[in-house]
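In what follows, chain A forms one complex with chain B and a second complex with chain C.
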Partner chain A sequence: MDNQKQNSSLVDNRFPWKHFVGYLLSVVLTLMALWITFSSGFSLSIIFAIIIVLAILQAVLQLLMFMHITERNSKIQTGTMLYAAFIAITIVAGSIWVMSAGHAAH
Partner chain B sequence: MDHGYQQHTNTNAHLEYQSGQGRLNILGFWVFLGAEVALFSTLFATYFVLMHRTANGPVSSELFQVPSVLIMTFLLLTSSFTCGLAIHEMRRSNLKGVIIWLVVTLLLGAGFLGFEIKEFIEYTHEGVTLSTSAYWSAFFVLTGTHGLHVTLGLGWIILIMIQLKQRGLTPTTTSKVFISSLYWHFLDVVWIFIFTGVYLIGMVMHHG
Partner chain C sequence: MKWDQFFITDEPLIVGAGISILLTGLGIIFVLTYLKKWKWLWNEWLTTVDHKKIGIMYILFAILMLFRGGVDALMMRTQLAVPNAHFLDAQHYNEIFTTHGTIMILFMAMPFLIGLINVVIPLQIGARDVAYPYLNAVSFWTFFFGACLFNISFVIGGSPSAGWTSYMPLAGNELSPGPGQNYYLLGLQISGIGTLLTGINFLVTILKMRAKGMTLLRMPMFTWSTLITCVIIIFAFPILTVALALMTFDRLFGSHFFTLASGGMDMLWANLFWLWGHPEVYIVILPAFGMFSEIISTFSRKTLFGYKAMVYSMLVIAGLSFVVWVHHFFTMGSGAAVNSFFSITTMAIGIPTGVKIFNWLFTMYKGKISVTTPMLWSLGFIVNFVIGGVTGVMLAMGAADYQYHNTYFLISHFHYVLIAGTVFGCFAGLHFWYPKMVGYKLNERIGKWCFWIFTIGFNICFFPMYILGLDGMPRRIYTYNASDGWTELNIVATIGAFMMGIGFILLVYNVYYSFRYAKREQTGDAWDGRTLEWSTTSAIPPHYNFAKIPEVTGLDGFWRSKQEKETENVEYKPIHMPSYSGRPFVMSAFLFISGFGLVFEWWAIAILGAIGTLICMVLRSFDYDDGYYVNVEEIQKTESVYKEV
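Then we have the complex of A and B:
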């Protein structure tokens, strides 16, 4: 159970490695996105695809390393965020598709 | 599973999870964040749909500045990190550490907000406002809604710090600190997508 795991880490006197690793990886992902955008020489559509993937990775990193999403009600919390991600993709990608695929282009 | 309010030692959970109310509030806040995702999704969708509707006016690549955007990104990212350190100190029952890291978080957040306001003022001087074109309307509403959230977060965390000073680390105050930290981290998550979707793409996008 979750409880056992939490008990052992109840008084956390260790160095906050999780936060440091999360922060460093976030910085690296941000700089990678910057480099790919301005210095990689890839075509625009490839740049967009890569930096959007990097943004999603960094968001997941925040949820795992900073927001403690896996604690306590991890299933409900993770389920809520996955559903929210589904809503986000549907609204954003759906809107872009509908407004650019010819249905409303005139 | 119910640990009650009174036991501070000998319980199986971190302080913020010890009371039933604290647990429910934290869970409820995750659901609220889900609704916030929906809110920002509609603003992002509007922004991307109106991306080329610049009404022959200024385009994003003429105005966006890499250094200023990078400074804002690192200010907010670092504040998200220091806010996480505040929670780490909270779980070591170190009230002083919590306050110190929360103050650092607030200063970094205020720095972010200062740069954003400066950016908006500069755009206004360049003649770019909310009513310049559909594109800029969408830009200001999206980034402004995020900025408003940051402003609210600053006020909220200040109020919680006053409670911490008065009441110390209790199951009630710690669950409040934890919830405000979730909110603060979430604002950085939204910013990651603004940084990527609005600024990076806006700086390399070909208009016309």
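Then we have the complex of A and C:
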């Protein structure tokens, strides 16, 4: 109960600028990716390069704005980040490897 | 769309099922109205944020789904009992194995485990509720309405028929026209929200709300297994969400992620599906492992053997679970390097699992074992799960898998791990924690009959399938010829399946019998338990769980405090509790409407449902209800009632 009392006194009533800006920038980055893919007229490989960069930018942005990545006081945080990186690399690199090897490529 | 396409009317079995659902529904409405229970239903259950009640609703729903999935299974076994049977046609058979698989994994195993997790975990760590009680209600209702959306498919519009794996291009518009496959996509999508939220909720609950003194390495094993399961849920379910969304785009909006035409990659669906699907099978087995650990320790009257080894092996399983997915499609032919890699990682999973099996055996070694029903299910698990595990290692060899793949050998393997692991675990956990939910035990004699009939039936049903598989009987065929030579073993398997059905009926009868006749528990400690959930003052904990949060001094906290045996006069303080809310129910109902609109591509309904959902979310954002305090007098009154008896 004491815990909960402390928590409620910590409630922040200021406008959540960080989340608001983060959300707006995310929408802008997504719209940019859409525009580049549909209407820019670049060649396919350039489109790929640009939207991958935009995707990475957006991931970093969300980690900064929403995901408390700058709070560096706990070991669990570091562990989670490392595990997330491991899973992300497994999914992306693993899928590319599996889908482009052997008969699967044809 | 015409009405006779909307309601399925050309299949007598489905019409019969539809009519019986309608009659049951009318019956329930009549009883609720007659007994004037509508208000009670809304106030006590539909709006609840109490983890114990949410858990009970999960389990009730799971048992209902076990019935439906089980009826599907018995229909398949009836069709396959003899060669050239005409009980089901090919299309109907396809629909039934699709719904059987999807329902059993996602709408039976998952809610059964999540239900037990809901009931037990907050009590086991000495908390008064989960970290986000409102979110917990959202979890249940999104799950519930997603599952309902999937379930109505067989009477309205037609069931999906592309298998629970829904491989492309079979699941695409060309080969699976109509709403069936859309039901699969939207039903899973909506219920997946609930599962993901549960993962987040219990991760935070376990990390932040443990009683004083309960360090990570003093947590009960079920809590550990739930923590690790939550991590897997959080990382695995988004993959399913994305894959389902992409296939939904393919089917509804003409995109080409997984189609054969226009540069789509059909096998990418299989790849993404199993990237989620393999971690998913660990999501349904790890909580069961945790429950067996609790039960075996309790009924051997010994601390769990090799506690740390148990924790580390589960961590290794969680890590490895994400790097084995290709073993589900070795025959796609990704080449020697890929298949060898995934063969080795798959076999490696056998090591931590083996460690756990030995730890359970050593826990029993020199223990004072009492063979109760939950313990029987746990013992049955060890024997049968090992058979499933060993055949799993056989399947893990990429080269050999080309023989086993797509045969009944595989079917038998995964039923041996999923039934002997997950289902036995659910039954064991249900019997074990039943007094915590309703205040009395299930009858032991009926429970043991149920165990033996179900387990013997299970072996009679599935062991012949190993041999059928080696004899070359492929999975997912709706009939075969007498000349194939599979008849005898199929008859045997069908007999076993019906024995399992009898076992299920006994379980349900036991619920009724115990409700009528079981001795009511006087204390919170029904089994001479070791962990905190047994330390509550009453058999069914009061809504605030603990009048005073217990303190833990080591592993098996409650066992230790029982040895010390001291009664102190506690001074109560007001308890802060969350308020009930009907919004999770309403919001999820809107999601259901939206999903239903998408299934039939009726955009107006879909948009209407989406707007309703959004309004509920906005209302929640401006909700300043911080809950309420249970005052000291009420606590004293509640607690004194139990003190006297």
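Just a few scattered comments:
Convention: the second predicted complex is superposed on the first by the 61 of 106 C-alpha atoms of A that agree within 3 Å, B and C clash if a C-alpha of one lies under 4 Å from a C-alpha of the other, contacts with A are read in each partner's own complex, and residues count from 1 in each chain.
Just so it is clear, a contact is a pair of C-beta atoms (placed from the backbone, for glycine too) under 8 Å apart; a residue touches a chain by one contact, two chains touch by 3 or more.
All values derive from a computational prediction rather than experimental measurement.
Looking at the shared chain after the overlay, A:Met99 reaches both chain B and chain C.
The wider contact with chain A, measured as residues touched, comes from B rather than the other of chain B and chain C.
By the touch criterion defined above, A:Gln58 reaches chain B but does not reach chain C.
Touch criterion met: A:Ala84 reaches chain B and chain C at once. Look at A:Ile76: by the touch rule set out above, it reaches both chain B and chain C.
On chain A, the patch touched by chain B and the patch touched by chain C overlap at residues 76, 83-84, 87, 91, 94-95, 99. Interface of chain A with chain C (complex): residues 1, 4-5, 8, 76, 83-84, 86-87, 90-91, 94-95, 97-99, 101-104. Contacts from chain C toward chain A in the complex involve residues 207, 231, 235, 239, 265, 267-268, 271-272, 275, 319, 322-323, 325-326, 332-338, 573-576, 626.
Within the complex formed with chain A, the residues of chain B that make contact are 12-14, 17, 23, 26-27, 30-31, 33-34, 37-38, 40-42, 44-46, 48-49, 66, 70, 73-74, 77-78, 80-81, 83-85, 87-88, 91-93, 181-182, 185-186, 188-189, 192-193, 195-197, 200-201, 203-206. Contact residues of chain A toward chain B in the complex are 3, 6-7, 10-13, 16, 19, 22-23, 26-27, 30, 33-34, 37-38, 44, 47-48, 51-52, 54-55, 58-59, 62-63, 65-68, 71-73, 76-77, 80-81, 83-85, 87-88, 91-92, 94-96, 99-100.
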